[in-house]
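Heads up, the next two complexes both have subunit A, just with different partners, subunit B and then subunit C.
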Partner chain A sequence: MKNKYLFPVALFLLAIALPYIVPEFWVHVLTEILIMGLFAASFNMVFGYMGQLTFGHAAYYGVGAYTTGLLMVKANVPLLLCLPLSMLSAGLCAAVLGYFCVKLRGIYFAILTMAFGQLVYYIIFQWYSFTGGDNGLQGIVPPAFLGKAANPYYFFTLIVVAIGMIALWIISESPFGYTMRAIRDNAERTEFIGINVQRYMHLNFIIAAMFAGLAGALWGPFNRSVAPDLCNWQHSGMPVFMTVMGGPFNFLGPLIGSAIYTMLMAFVTSFTEYWPMVSGIIIILVVLLLPGGLLGLLEDKFPFLRRKDDSEKGAEE
Partner chain B sequence: MARAMDNICENILKIDRLKKSFGKYSVLTDVSYSLRKGEIAAIIGPNGAGKSTFFNLITGYHHVDGGTVHFLGREITNWPRHRIARAGISRAFQVSNIYARLTTFENVRQAILAQEKRTLDIFTPAHRLAEKNTLELIDLTGLMPNRKHLAGILSQGDKKKLELALALAGKPELLLLDEPTAGMSSEETQETMELVKRLNREIGLSILFTEHDISVIFGYAHKLSVLYQGMVIAEGTPEEVRKNEEAQQCYLGEEV
Partner chain C sequence: MDITSLFTQFLSGLTYGTILFLVAAGLSLIFGVMNILNFAHAALWLMGAYFSYTFWNLMQDYSFGFWLSIPLAGLAAAAVGWVMEVVLIKRIYKRELYEQLLITYSIALILSDTIKLTWGVTNKLIVRPEIIQKPVFIFGAPLDSYFIFVILAGAAVASGLWWFLKYTRYGHIVKAAVHSREMVAALGIPIPRIYTWVFTLGIFLAGFAGGIQAPIGSITLGMDTAIIIQAFCVVVIGGFGSLLGTLVGSLIVGEVMSFTILFWPEGAMVLIFVITAAILIVRPWGLFGTPMRT
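This part shows the complex of A and B:
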């Protein structure tokens, strides 16, 4: 039982220690890893747990980022209040758009989520008077208590992301989380045990969007600005890459994937501009050689890492 | 008044002039059927007679083209599937329809959590819930040795048992079993049908099943209907149907 918390706790301790060891540039990279990790983990609630590929998840990330950006720049709302409001706005947006998406499955679900994602992108891109259009929003400054150095904002991000990840973990292990696995495995049977599958998918879509919104909210103050590209379909592809790299069948897979992807990107772009080509090759290798992602490979090689199934405990009594 | 109520409730399932066609191909032309509370009834018919379609219409899997379905005096025609399940009709599928990537235990627990309306709970860890009921049902259906295995790797017979367990988890009043013993050994068949019989006797569960195995039908069904070319052509006790000439020609004749 205790064993399964070893890895996440070790990761958390490492995350606390790292900023004191690595140079400031890498603290920025670590902050990005955390933000994108939460984004990818929220994406995996739909992909890994519910079994549907959403290719428009950046829309909710972007709505969260713009909510915080606009509130901070135009209304001086404190960041701590912006975070829940960003979750709320992303959730509301998903409540409307997701209503239509969950009527579809598979490739049609992916295409509709992507289309809605692009819709959000173009609205933000065109609405100059409100969102700043393609100029984005500048001057999103973290609150004074976080100072100007890299470390304080990193630790703030670490706390928020940790809380977000714990919340997602609790949801994924709840009866609702298991209902998502059931829908992924066999949506038809799930209807015949008396569950309104569409409604549950809709709820999960909203939950996933809220945490994407939370991740997005952390981005603006980190980057001091937000741009419409945050909602674009390329940005929706990032959690897909990260999750596939890290392993969609592990709760921490997306976070690990974010670490690999973001670090590689920071490393590779320091000496060549051909990052997209490098990332493309990596994706091809991962998909061909590691269908369970990195964590899937590690679990195969080292069975003790495998999460002991909760049901076994129940069944042994 | 009380008598009138009794009359309505006596028939747990009442089907009137049910019609279904797929494109030009008419599967059920005109099926009327009723099932009394506490009855075990079987439906037989050659392949393609419309048995599975009949179940699919009752449980909302397919859209009903014409006619009505009443369950416990309420019309449930074309209700969504989950609502029909909630109303008290569970079904076990002919080809086992389970959660291949969850363990046997998790499969059954999922169905029990659904019945207990706990599936919207996002805070409590699932492993703390419904453990007792899940183990009881696993024991009842003879799946105890397989409880930790992934359902996808179970034998055909065990998958059918799990299929039955998922159906029973819904605490139904009416259980529809589509060839419940297909793929089972003769001992497993016996065990399963004895369980069905016991549930019928002890909690008054009404059961409607389709079956190819004549010995199962004659051993367990109180009532037998023959479905042929989309219509019920004979109905009665298994003995009566056996003597019915038309039914013999259409179906039983093949076997004798």
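This part shows the complex of A and C:
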């Protein structure tokens, strides 16, 4: 219990200190790490806690990004109001699409989420009059109180992501979160003890989509624009990489994975354009050599890091 | 709208469907037998197109060079696929679904960059021989004369595969493996070797499809990212591991694309995904597939 919060708090303090130490370029990278980390953590609600692989999670991230982008550019809605509205719109999308997805399991779940993801992508891509099509939306400027420098938007992102992560943590540690683990480990038995598995999975899918929408909402003002590529299947692969790198059986795994992936990308792209090849090689090595991700490896080497209740996660299933 | 233009639309849908069939047949075979969803399939298809360009370039002085480069592209891609299977795919048959997807996805990333490194970023164009430069008219509807070859090649591959699966010993083994790998293994058939050859055959089909695709337009980087998703749709609609299903699925997707363009061009892809999602919800194993072990 004592050291349970030590690591997250240390990480948060480090996140506060870092922008004063590193050059501005890396502050941008840090902002991206946080946004993608929240995205990956929301993905892991479905993947790590519910045991289903979604390959269309970028759709909800994209819906969130476009909600904020459209509201800010076309209606001048303040950013702080856009964030909950983005969560709402992503959640509504997931309520409709997720209803069908949770009827399926395994590879069919993965393919249906991917098909729906592509559906959202093509709608955004083709609807020129509303979304700007493949031009995307430009001129999404963070509000005046955040200024033009990198640091203020970074701290804003840090606060929003921290709140988002705490909310996800509370959900994952609630009875609802443990129901999800039960469904992951054995859906049939969970059904037998009187739990409506599909309804719980649906609800979890919506929650995951809402936080993906929140992460997406932060992206537009950070990047000053949004593009339909945010929704496509390649972008849906990113949280999968990050989560697998960091460790899916650990709450902070996706965030750590985002840090590794994003920093590597920033570093590698500074001297070669062949980042996809490098990332492909890295992912293959991680999958073949580090099945539990980085945090999984650390827990194996240093057992005291392991939290009791999560120790026997379904790695062997 | 007159009947001729509808017929033109039908023919172009048929051509596109044929290309999709050639790409999806290997994908469906590989998934049906090994349960591996190969994200790298379209990258190998694109590689086949580039291989075909290279072979055509080397054999420009000969009149048969154009035609020979297509099967050679298939063989070259199959060689790459064989190496891929032996080095990497072999290790992941027993792994988790997400690990398999990540591995094939990573291979797709690596292959795409390999293509960029090998052939550069400029578009490649294969000049067709004279006999297939002019359109032909079928019942008054104009059709690119090369498309006749495409459709014939698709029909030949479909019947060849059908013959292979129905009448040869190895075809029977492959079909049996789609239904129950354990049973096939129990009969003393060396499953790992069968897997290697099924994978190589699937990739041969992808490379061959790439070779066929190459002379249609110019060959460009990134062509593969759109077609892989459409090939997935074909396989889902038709049913994993079913040759007939893949054929029907590709014709559905090809014709839907072709006719949607007449009255709702923006909606073509959207409609395809709606159909795919509907099939997955109602009949996850596809129109012609069988409910599978999970």
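Here is the rule we go by: the second predicted complex is superposed on the first by the 308 of 317 C-alpha atoms of A that agree within 3 Å, B and C clash if a C-alpha of one lies under 4 Å from a C-alpha of the other, contacts with A are read in each partner's own complex, and residues count from 1 in each chain.
Here is the rule we go by: a residue touches a chain if its C-beta (ideal position, glycine included) is under 8 Å from a C-beta of that chain, and two chains touch if they have at least 3 such contacts.
If you're wondering where the values come from, they're calculated on a predicted model, not measured in any experiment.
Chemist: Name the contact category of A:53: first (subunit B only), second (subunit C only), both, or neither.
Modeler: second
Chemist: Who does A:188 touch here: subunit B (first), subunit C (second), both, or neither?
Modeler: first
Chemist: Please work out whether A:122 is in contact with subunit B alone, subunit C alone, both, or neither, and reply first, second, both or neither.
Modeler: A:122: touches subunit C, not subunit B.
Chemist: Should A:244 be classified as contacting the first partner (subunit B), the second (subunit C), both, or neither?
Modeler: It touches subunit C, and subunit B stays clear.
Chemist: For subunit A, give the residues common to its interface with subunit B and its interface with subunit C.
Modeler: Shared contact residues on subunit A: none.
Chemist: Spell out the part of subunit B that touches subunit A in their complex, as residue ranges.
Modeler: 59, 80-82, 85-86, 90-91, 93, 97-103, 105-106, 109-111, 113-115, 118-127, 129, 131, 134-135, 147-148, 166, 169-170
Chemist: Name, in rising order, each residue of subunit A that touches subunit C in their complex.
Modeler: Residues in contact with subunit C: 47, 53, 55, 100, 103-108, 110-112, 114-116, 118-119, 122-123, 126-127, 233-234, 237, 240-241, 244, 274, 276-277, 279-281, 283-284, 287-288, 291.
Chemist: Can you check the complex and tell me which residues of subunit C touch subunit A?
Modeler: 35, 37, 88, 91-92, 95, 97-99, 101-103, 105-110, 112-114, 116-117, 225, 229, 232-233, 236, 266-267, 269-270, 273-274, 276-277, 280-281, 284, 294
Chemist: Which bits of subunit A are touching subunit B when the two form their complex?
Modeler: Spelled out, the residues of subunit A in touch with subunit B are 170-171, 173-179, 181-182, 184-186, 188-197, 200, 203, 207, 309-315, 317.
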